[in-house]
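Right after this note come the structures.
Two complexes are shown next, each including subunit A; its partner changes from subunit B in the first to subunit C in the second.
Up next is the complex of A and B:
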């Protein structure tokens, strides 16, 4: 795409009467091929990637929004979304914490987030000599030494085109579903990770990510490749509430675990859930999937407490023999939040194993659904699945659902599914209160116990924060 | 809707009494405006209807020699009614009704009876059902009304046999059974669908409505013993008033297409239901059970157990939904579905569902798909039992735990003997001869 085209695309916003300042490079709302050409050109992408995006876009146009999830929301006007906006300048942010919403600060306080991190999270403009930058540099050096590539995907397209081209869209095909296709067409940025053969990533990629979190936008795309025999643990998100003006988030995450590799992907999602009356909040429609080759392992751990509407099914395609898939999830909904989340375990290889542990907690007027698929293909001899999903109800206006699909076509495969639903028992509450805990603390303690199996899968410091996060998220649901 | 049912429906219209015509018209209207479900229809995700769509003739009322057709008419004591191809077969049916129950065939209802039928018909399934219930409405003439009086205690089972006989071309039968259990009554109803031996193609659309008034207890058994190309799409809806109890048991042998929807609606406090079943498809057969337990009011309990053995190239589908409505507090609901796959080409798709809108409830469901336990086989073999015998024992034992819940002794004995014979000679049910 030539410079003229770019200029033309930008200038159209004036034609449409959209008021914007030229420097901010924001496209007017709406999506067509020119918008995609513009995004691609702005990022200086190679032709193949532009074609790839356009193909996704053409597929997307033929698709319709999925309606099967157990969530209700007004129709989203995808033409009212602006599909390109250059990252906000730090200068537009608050000048100091004094200018930040006190409610937000109160929550940071409860979560015990250090002051300088609070500033970073709230988007306070900070000095260039801010601590974490040097920390980040140290990390970068350590990773480079190990041969680990960890950079924004937009950078990887230039620095490691062969890897990106080889793997992008191989796990979540461009036309996989409505939101994945949309993401493929317009994805803004995200992370790219490559762990070379036999390398054990020297640190949890979480730490680095947390202090390096840039506004990656609403159409985030992550690609993680663990080469043969390598090992990586990646943490996305953080317990601190994130405010974002974009209502729709449609991210795609692709994991490739080659032979004998292990990927552990942990998510803590705490996007704005809307207020207590159910106004506002993020729509989080995410496609996450990993392909596990021979003897490899993919483990998803998620703590979902945010977003007004969540639609998310981190999945494993267990392609190689003896590969292992795991899914550990805590999903908490309060007020008017709605979540439809779960996983898919597609067993293709022999002796593949999967474990699903899902804990759903509903409070207030919220609705929380587990939706899962376990499929044993005819070739998955000796495959094994164990699924446990428990729901806890707090209050009589909330809802909890379980929709597990089990498809087995192999007589030597074993699938076990169990689900229970109950409320926090009065006896348990009484016992705690009798020992001097107030009702809210007691419930939070019981809920934490309920989620223990999942929390123990989280990197340690996050397990502690996740516990606090549940406590904060449940506020006001008792009594 | 491609009207492959036009001929049977025309014929039904011609034979139906005047009071029924508006049901027929409404049903046919809804049937014609419904569209055929596809694999994208959630309720039909795993069950295709290709096998169904040929053209059907109305069922013959010619005399069918049941013995020649290989139809067995077992006796479980009590009162037996036999219908062949949807037509009442007086020669096989009993005459002396037990006290406390009236049986009325819709086509023969007098004005008072017709009025009573109209009062209750559709109460359980609802009036606005589409597709196969609408189709059933469009062809009501062969319906039967079992009217069990309040306070009646009927010890012996009421046995209704629906036989699909042989006929030159593919034919269709629509059956309706309406059971009203008056207050504090007790009764057992056995519905037995069976077919002739051979390759006769037929399509049965059987709808059963069970209305249990306060304090009533009903044992309901629905046996689907048709095989081969006898297709069955059926539905049983029960509506339970206060303190009513339903104990039901379902058995399905496979056929080219068998789909049964069971709905139990707990509408009165303290109602209790037990819904158990066994399915045994083999060959290229297909069995699909969709069950839905509705808890609309507080203090009800339900318990559901379904087990299946799927062999050869057969497919089984099970969908077990438990729906607890807002404010249906103190509900206890349980569901268990277990499956044995005995062949590399067999398939099972199961989905236990919980949909819960009340908090003070205890609900659980479980589903498993597996094969016979090697350790148990080993245990038996170490005690001198051959592998083949051990397989028969374990697989029969697997379903026998459910058969044991049948409360009618004569029926339980019959089923156990019938299935024992089957298990002894059919490797599809026992995991082959490896």
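Up next is the complex of A and C:
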């Protein structure tokens, strides 16, 4: 883009009076530099961040959508997307649970979600809000005492600019890939976490987050920094079904584990998967990556049951010597869902270790692919990886694929890969039914058994919910 | 308790049962013997409701209900138990979890609450002892990596935990050494009661030395061709099946 164009864009922005008195809360569809300036201005961002976004945008314009994943979907018209929409006012929400879609409520019920959380998730504008505010305040007080910073990233830009500026984009560079570049240009909001040196975060960063989750946008951006010797466990997502009008979701998550730090990042993803005929549903194209410094550890645990199309590879760059990376994943697809998910373990330091346990479950007409890269660099002496990749098929119309990539450039590195594919057999179902269990209960029990190794990595109360979530997601997959 | 009238059934289009009649009263033990391929195992699966086993004619009444109208799991909850000849493995699902789910399914049908974990564990451990199975098996996956004998004892464990009204044992004695056979027999005998019945499918007289049947039936060509008391089993042991098949032909 020439200097004239830039100048023109800037002047147009002012001419339109974007900054001060905008009437509409939602931008018309389409993306250009003006849109990015508008977003940045609405958030009152400093100049450096605007420039950062614009640079990402310019890079993105040169990029093309990746096509290598084992998923098929009609082309996405990125000019039909609106890139800014301010959070809906609580006044517009339903007044009570009576006004909420009964199907949604039935799902909450099955998952055993407490009533006050149901209200928050459904956006009910009642006392629940006061409740959440007070709960949140209590949490914040406790965290502040420990020196932990936990706030929206848009707030951190103002309150802790030095940290944001230092780390933003250092793990997932702005031009890393098509969707990460798009996210860098237009990201809406997300979480920022900083754990000071030697501090063990006093609580799971989950409950509080769950309350706020429902309002996060389409281009979420999260940055977590665990300073030397600190510990944090972060839980993203929610077992409750998430409905969203935005079809495309392109999030970026960056984790930085400094020397001896430990980060455990758990995700439960249950976006709308589309209906039983494969209509609708979210496209979830996510870039998640962590950098592990000396003696540190990054652990990803994910339970993926939602979205029509998933494209997601939470990865670890094991930069420091003796650092550890872990990836535990359950990905379940039903009906016409498609998932291409896995991880990358990039071993750079000496004696780095990684473990990958992936459990893919396919039912209905769905397709489920594991894609993983283990790379041992020339300097990664004594590095080790263990990968176990299991697929379970339910019915005879679904598919499971495994695409493991192994690159070893160090003779002392050890890479192990085990893979199995099995089917929920008619004999297993018959045994269960002969003992009095109905087919759905039987399948959910078999699937839960299959996922046990991953579920035990989840925070306790969530493991139970995740089990129920699989049960709900598998409904209608047998008989 | 169980009344089978003129039962015809086929598997994959092949007729296996061709007009079978049998009546079992509470408290009785029936042994079903017969040559290979006579339909002994099919009978058990048809009664249990195995998918793919098609009843083409006949009527079965169990505890006053039309058994063939019921789903597989409903038959089980009503008190029909089949001890499998070849129990399958369910990796990752612990035996304990499996047993509790089965026990609770029956309780639910009776309108009872799920059994509390403490009393369940206590009963399960005691039952393990009774079938000579180390309680550590409760924590292992259902039949996962079990030896043949352990699988059979695990079937017995399930039957003792579920306390069915009718127990069908499908060649439970096959592949068992004499010690294991005695364990199984002791378990079954301990469960004999005036309101419970057993149907044992077996090839050999040996099992009947330990579990004494009230009736012995010979199944051949998909029908019961001869019924008698336990002396019939001894006769079969001595003479084989050929003479019976000839007689019927």
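The working rule: the second predicted complex is superposed on the first by the 451 of 479 C-alpha atoms of A that agree within 3 Å, B and C clash if a C-alpha of one lies under 4 Å from a C-alpha of the other, contacts with A are read in each partner's own complex, and residues count from 1 in each chain.
By our rule, contacts are C-beta pairs under 8 Å (C-beta built on N, C-alpha and C of every residue); 3 or more make two chains touch, one makes a residue touch a chain.
Bear in mind the structure is a predicted one, so any value in this text is a computation, not a measurement.
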item: Touching partner for A:438 - first (subunit B), second (subunit C), both, neither; value: second
item: Contacts on subunit A seen with subunit B and repeated with subunit C across the two complexes; value: 422
item: Residue ranges of subunit C in contact with subunit A within the complex; value: 48-52, 71-73, 76-77, 81-82, 84, 87-88, 90-94, 97-98, 101-102, 105-106, 109, 141-142, 158, 162
item: Of all residues in subunit A, those that touch subunit C in their complex; value: 422, 425-428, 430-439, 441, 445-446, 448-452
item: Residue ranges of subunit B in contact with subunit A within the complex; value: 42, 46, 326-327, 329, 339, 341-371, 431
item: Touching residues on subunit A, where the partner in the complex is subunit B; value: 68, 376, 378, 391, 393-423
